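Chains: A, B, C and D, in written order; residue numbering restarts at 1 for each.
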C-alpha cells in the first residue's frame, strides 16, 4: 500500500450530510472530476465488455499475429492473433472485480476490527491494534507474497492475498476514525441513555466513520488493483489465458522489439485505472473535508 | 525519551516474536506435504526416508515443540537449509540482503530529495495552479505501476539507448531500480510533506513568527520546515518498509540481486526455508530501521527528547 | 503621561472569501488608540473583533479584501500592506495570541524564539539578545530565567507560556500590543495574574494596547475604553466606567445584563434537610489515570479523584466548581458511569449504580442523564434531532412510534423549540439551540438526576443566560436533581443550592452557595473568588490572593451546619 | 580557485570512471555467459537442474565423456572392463589428472564421490541412477572396482554425465563445500560464487582433456569465465548487443531477426536428450481411462504449436526418449504415437459422454520459463477446439514434480490433471525411473510394463536391449501414458557474439568453453 491516509481530517457532518452539495463539490475539484470520469468509463467498459468487445478475448487467430493498432483491430493483435481491444475490455471487468472484491473483503473485516477495538477498549483494543500494527509494518506486498506462497499462484489466491494484506490498514484507519467518534459527547450521551453495544456500533459509530472509510476504500481500490497486477506480473496471480492486465504486461515483454504496443497498452490501462481511483478518492476527500472545501 | 525508545524497542521485539510464530506456522499452512515438496527432485526417495527427513526436521513433533526448536536454532544463527541446493539459508540471505538495503536506501534518498521540496513548494503555493498541477502529477506518479515504469526505463535507457548496464551489481546498475522505486515514493513523500506543511502553516506559532516581524524566508525555513519535517521522519520508517516491499518487484525486473528476487524465486520453487528466512529478515530489518528512525525522531523532537 | 494618538483606524472593512463569494466580517469600523491606553474590543463570536486584529497585523488568509486606512505612527499600514506591515511587525506592533499552547513553536527553544526577532531586526547581537531575554523573562515573573532559555515550550505550564509570549513581544519594545483573547484559554487564577501583568506593562512603558476579548469581566478589570462590536460593526464606544454605568445601545445593555455576577442576585438556596436517603450518594470514589509509556510499564499515574464523597438530596442542585485538572469532569463521568472508577460507590435511588450490569444497568441509566459542554459534538451528526431525542425513549420504553413522536414534540416544546424541527439535522441549528436539543434528549428518559458538565461554557454570554434560565425553569417544573459542573463561580451562584469546590481530585470546601461565595473559608476558595474578574469597573479590586500550595488536603470538617472545609 | 575546481572535477571524473569500470566485472580476457537463472549448489549430489549440471561440467571431470552422438567414451577413466554377469566393473584411470588444489586425482577421489552419493544420512538426489552399487574397492591409485548387486547397463552412460562428477576428496574437510568452495578437476577452477548473481572461474592451467568434445587437449585458452544471472531475456539481449556479455540465450521472438541481421551467431544444441511430453493423473477419472488420454493426444498439434512459439528452434518428437538417446527411432515411434486428429478426439470424448455443455475439465500444469507458458496457452486453445477445458497452472519444476505426485496420489478428485512434463536423460533408463513400480510420480504402472522395463536394465547386448526399449516405447505410446511432444525444450539456444570463436555445445546441452578464443 502506498500512501498512509490514516488521518483523514475530521469530516464534519455538515459536509457529508448534504449529498447534492457533495456531488457538486466533487465534480468542481479537478481531481474529483477527472477521477469520476475515468471510473465511469471503466465501469461502462466493464459492464459493456460483452457488447463493446469486437472479438472473443481468448480466441486465438481472430486476426493475424502481431498486427499493429489500426482500423480493423483498434489496439492491434497479440502474439496469438487475439484482439487486444477485446482483451483490454474484458480485462477492465476483471480489474474492477479484483479491486471491488479485495477492498470489499478487507474493508469489511478491517472496519469490524477497528470499530470493535475502538468501542471495547481495554485488552481487546491492545491485542487487535498491536496485531494490526505488527502486520502493517510488514507492508502489504510482503503479506500478499506470503499468502501466495502458502496458497499457491492463482488469480483467486492473489485477490485473497491482497484482501488479507489490506486488513491491517483498514483496521487501523477505521480504528483511528472510530476513536475520534467514540470520544465525542454524542457517543457518551447515547451510552448514558442506555444504548447497547450493537446500537452503539452499528447505529452511531458505523454511519459516522463511513465517509472516512469510503474515501480510504476508494484510494484502496487503486492499491488493491496495483498489488494484484503486480502479483500477476510476477507470475503469482492470473494464469493464462485470462486477459488480466498485469499478466498481459508480463507476457509481452519478449515482444517489445516486434510489437511494443503489447506491453504499452496494458501498462497504460493499469496506470489510468489506478489514477482514476486515486483521483476520485482524493476528490472525495476534498469534497468531504470542510477545511479544503472553503477554498 | 528513554521510555519512548524502550516502548518502541519492546514493540519491535514483539513484532519479531510474532513473526517467528507466523513463520513457524507458515509451513503448516501450506497444502500438501512439505517434505514431499522438498524431495520433489530426488529420485526414488522411499517413504521411510521421507519419514526420516520429517523426523530430522522435527515436523513430527507438536507445533509448540517445533516452535521452540525453530527459535533455538534461530538463536544459534541457524535458519535451516534451502530445499534447492541444501545451503544454509542465513548465508543465502546475508549475501543478498545488503543489495536490497542499498537499493531501498538509494530509492529513499531519491524519494526524499524529489518529494520533500515538491511537497513543501506545493504547500507554500497551496490552492494555486502550481499546487493543483504538482499534486495531480504526484497522484499520477503514485498510480504508475512500478513494474511497468521499470520495464519502460529498462527498455529505453538500458536496451535502446544503452546508457546504463542491464545487469550486475555495480553502482551504475543501481540507477534504474533506485529511480523506479524512488519516483513513485517521491510522489508519496510530496503528498505527505504537503499535508504536513499545510498543517504547520495553519498553526498559531507561524502567526507568532510573522507577527514578530521575521522575514518570510526565515519563517518558512526555521519555523515551518523544522516542525513540518518531524512527522515526515516518523513516516519514513513505514516508507522504508514499503521500499523493501517494492524492491521485491523492482529487483525482478532489473536483475538486482537482492532478497526480493530471491523471495520470488523461492516462492516459485516452494523453497519454504528461504521464504521463512526472508519474512523473518524483512521483519528484523524493518524493525531495526524503524527503531533507528524513532531514535532520530525522539532526538529531533524536543517534546520527546526532553520528557 | 502623553496622550498622542498611536493608532487611527478609519473605515476599516474586511471581506473574506468563502465558497466563491465574499463575506463581510468587519464593516466600516473606525477607532483610535492613544499611548498608555488599553482599548478593549469586546463582542460575541462572529462579531469581527479577531478579524480586526488580524487585519491590522496583515495575518488574514490569502484572498481577504481590506479597505480603509490605519495610521500607525504616520504610516498607513493597510495601504501597501506587504511592505508597511512587514516593517512594523514586532517592533512597531506586537501581538499576543489566545492559545499559549500553540503560539510557540514546539520544536525550537524559548531562547531562540525570543531572540531571533531581535537578531533579525538587527537590534542586538546574540549575547546581548540573550541578556535582554533573560531580563525580560525575569520581568514577567519567570523564575530562574537564565536556565529557561534552553528549554522548550512543552516544559512550561500554560500560564508560564503566556508570560513567555508577553516577554517575547515586549522584548522588541513595540509601541502597541494587540492582545487577542490573551487569557481565554487560562484558568481564572492564572488569568488574573496575566491581566495584572499586562496592566503593569502598559502603565510602566506607556505603550498602547488593543485588547480583544469576549469577557466583560476582563474588560471591566483591564480596559480604559471599550468598543463593543456586533456582526462586524461598531455598536458603541465609551470609557469603561461610562459604558458599564450607563450603556447606550440596547445590545450593550442586554450583554451586560446577561453577564452573571458573583455579587449579583444569588439564587436563594432552598433548604434541603439532610435526609437519610439522598437521591445520589457518592462514597469514597478513587480514580487514577495512568499514562502509558512503553508496552508493559505504565507510568506517571495521576490521581484524578481522591476519596471523594458527597450526597445530593432530591430536587437539589449541587455545583462542582474547580479549575482545569481539578477532577470535576472526571467526577461527573464517574457518577454517570462513562468511566470506571478504581474504588468507591455511587448510590442512585438506593441502588448501587456501579455494581449494575447489562440490562439492569441500561435500565438504571434512564434515571441519570448527562448534558455536555460542547453542543456541536454532543449530537450525532447523522441523526435527525427527532431521532436523537427519541433514542432514549426507544431504548427504555416500549411504546409505539406515533406516541414516541408525540413525546418528542412535547420535549421540543418544553425546551423552547418547535416540533417541526424534529426532522432537521444538528448542523442546521445554532449553538444555543443545540444545547436545548441536548437538554431535551437528557429529559427524554424522564430522569431523576441530570449531570450537566459545563453546559454553558462554550456559549456566548447572551445565550448562556438563556440556557441557564431554561435549566432553572426545567428544574423547577420537573423537580429535577442536578449536578452542575462549572469553572465559573458567577454561573454557579445563579443556579445552585450548594457548591463543592474541587482541586487536585479532592473536595476542599462544600456548603450552601451563599456561604461559599460570600464567606469562603478555605484559602483556595478565597483565592479563586479573588481572581474572578468582576464586570464592574467601579468596584474596588479585590486583593489578589496567591494560590496556596496544596498537596493533600485533610478530611472535611463541618465548621457550621452544612458548611464543610478541608483541613 | 579555478585550478582547485579543475582538480576536483578530474578526481570526480576518475571516481566515476572507476565506478563505471567496476561494473564490467570481467576483464578483457574473460568469457561472459549470461543465463536466466543461477545454480542451486556447487555440490553435484544436491541438485538436478540443467543450470547446475552445465556448471558442474565445467569445474568437475567425469570418468567417461560422450562423443558427438551421445555415446560414452573414455575420459578420466582410460578403460573399463566388466564381468560377464555385468555385476563388476573395473576402471583404470588416466595418469596426471590434477584436482584444483594441486593434489592428483586418483581412485580414492572416485571412491569418495560414490561413497558420499550413497551416504546413509544425506544421499545424493540421484542415488537411484548410480544403480545397485554395493561396494567401491580401490585396487591401486589408478584402479578401482565397482561391485553391483545386479546388472545395470545404464551405469556406463551415467558415468559420462555430470551427475557423476568426481568430487576430489580434499573437499571432505573443506568448510562450506558446495556453497563457498568446491574442488574439482575440470577445465575451470572456481574463484567465487555470488549467489543469484554470478560465478567466476579462472582457467585450470593443469587441465588435461582426454575424452571431452573440446578440440583443446589442455587448459582453456581464455583466462577466465564468468557466468552471470540475467533473468530478463531482453536485458540479456541488450547485454549481448553492447558486448557486456558474450554468450546468452536470446529472446525467442528475436531469433529470426538476429539471424537475419547477422550481428550475432545463433547456435542450437543438438542431441539434448530433452523430451517434453504429456503425462496424466491416471488413478482417477477421467484420465484413468485410456480413451481420455488418447483424446488429449489426438487433440494436440505439437508441430504447429512449437513453430508458433519457437519457430524452427524445436522439432516435434515422437519417442518417449529423445534424439541422441539409446533406442530413439522416429519412424518406429511415429507408428504408435497418436497422431493429430481432432475428429478422432471428439469422437472419443463423445464416447466418454463429454459434450460442449459438459466439457472434460482438467488442470494443465506447466513448468515456468522458456516461453513454455505461451506454448501451454496454444495447447489450451487446441484442447478447447475439441471441447476440453484445460486450466493452466504455471509453476517451478520442483513444485511441478511434487504436484504431479500429489495429483497421482489423489484418487478422489472430480476434475482431471495433466501436465507438460520435461525430462532430459542420457539413457532410456529414465523410463524405468518414471514408469516402473512405484514410479517417480506414483503414476501409471502395470506388471506388464514392469517386466519390460526390468529387462531393459539387465540386457547387456545392445540389439536385444534396443528391442526391449522399443517395446516399452510402443506400450507407453499406444496407451497414451507418455505422449511425446517436442525436443529440445530448455536452455538450448545460444546467441554468441561474433568475436567469440570456437564455442560448441556437447550433447545433453553441455556448453564447452575450452576452445573459445575471443578475437579483437
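A few notes on this one:
The rule is short, and it goes like this: a contact is a pair of C-beta atoms (placed from the backbone, for glycine too) under 8 Å apart; a residue touches a chain by one contact, two chains touch by 3 or more.
Just so we're clear, the structure is a prediction, and the values are computed from it rather than from any experiment.
Pairs B-D and A-D differ in how many C-beta pairs touch across them, and the larger number is found at B-D. With centres computed from Cα atoms alone, the innermost chain of the structure is B.
Centres computed as Cα averages put chain C at a distance of 84 Å from chain D.
Look at where the CA atoms of chain B average out and do the same for chain D: the two points lie 37 Å apart.
Measuring from the averaged C-alpha position of chain A to that of chain D gives a distance of 44 Å.
Per-chain CA centroids place chain B at a distance of 48 Å from chain C. Of all residues in chain D, those touching 2 or more other chains are 232, 234, 368, 395, listed in ascending order. Those residues of chain B in touch with two or more other chains are numbered 11, 14, 127, 155, 159, 252, 268, 270. Under the contact definition stated at the top, the residues of chain A that touch 2 or more other chains are 152-153, 235, 253, 256. Of all residues in chain C, only 57-59, 62, 86-91, 94-95, 97-99, 102-109, 116-117, 120-121, 151-152, 154-155, 165, 168-169, 172, 293-297, 299 touch chain B in the complex they form.
Chain D makes touch with chain A in their complex at residues 232-234, 251-254, 257, 308, 368, 371, 373-374, 376-378, 380-381, 391-395. Contacts from chain C toward chain A in the complex involve residues 18-19, 333, 336-338, 361-363, 365-366, 368-370, 372-374, 377-383, 388, 391-392, 395-396, 425-427, 438, 441-442, 444-445. Within the complex formed with chain C, the residues of chain A that make contact are 12-14, 17, 184-196, 199, 204, 207-208, 293-294.
Across the complex, chain D is touched by residues 32, 36-37, 40-44, 82-88, 91-92, 95-96, 154-155, 158-159, 162, 165-173, 252-255, 257, 261-262, 265, 268-271 of chain B.
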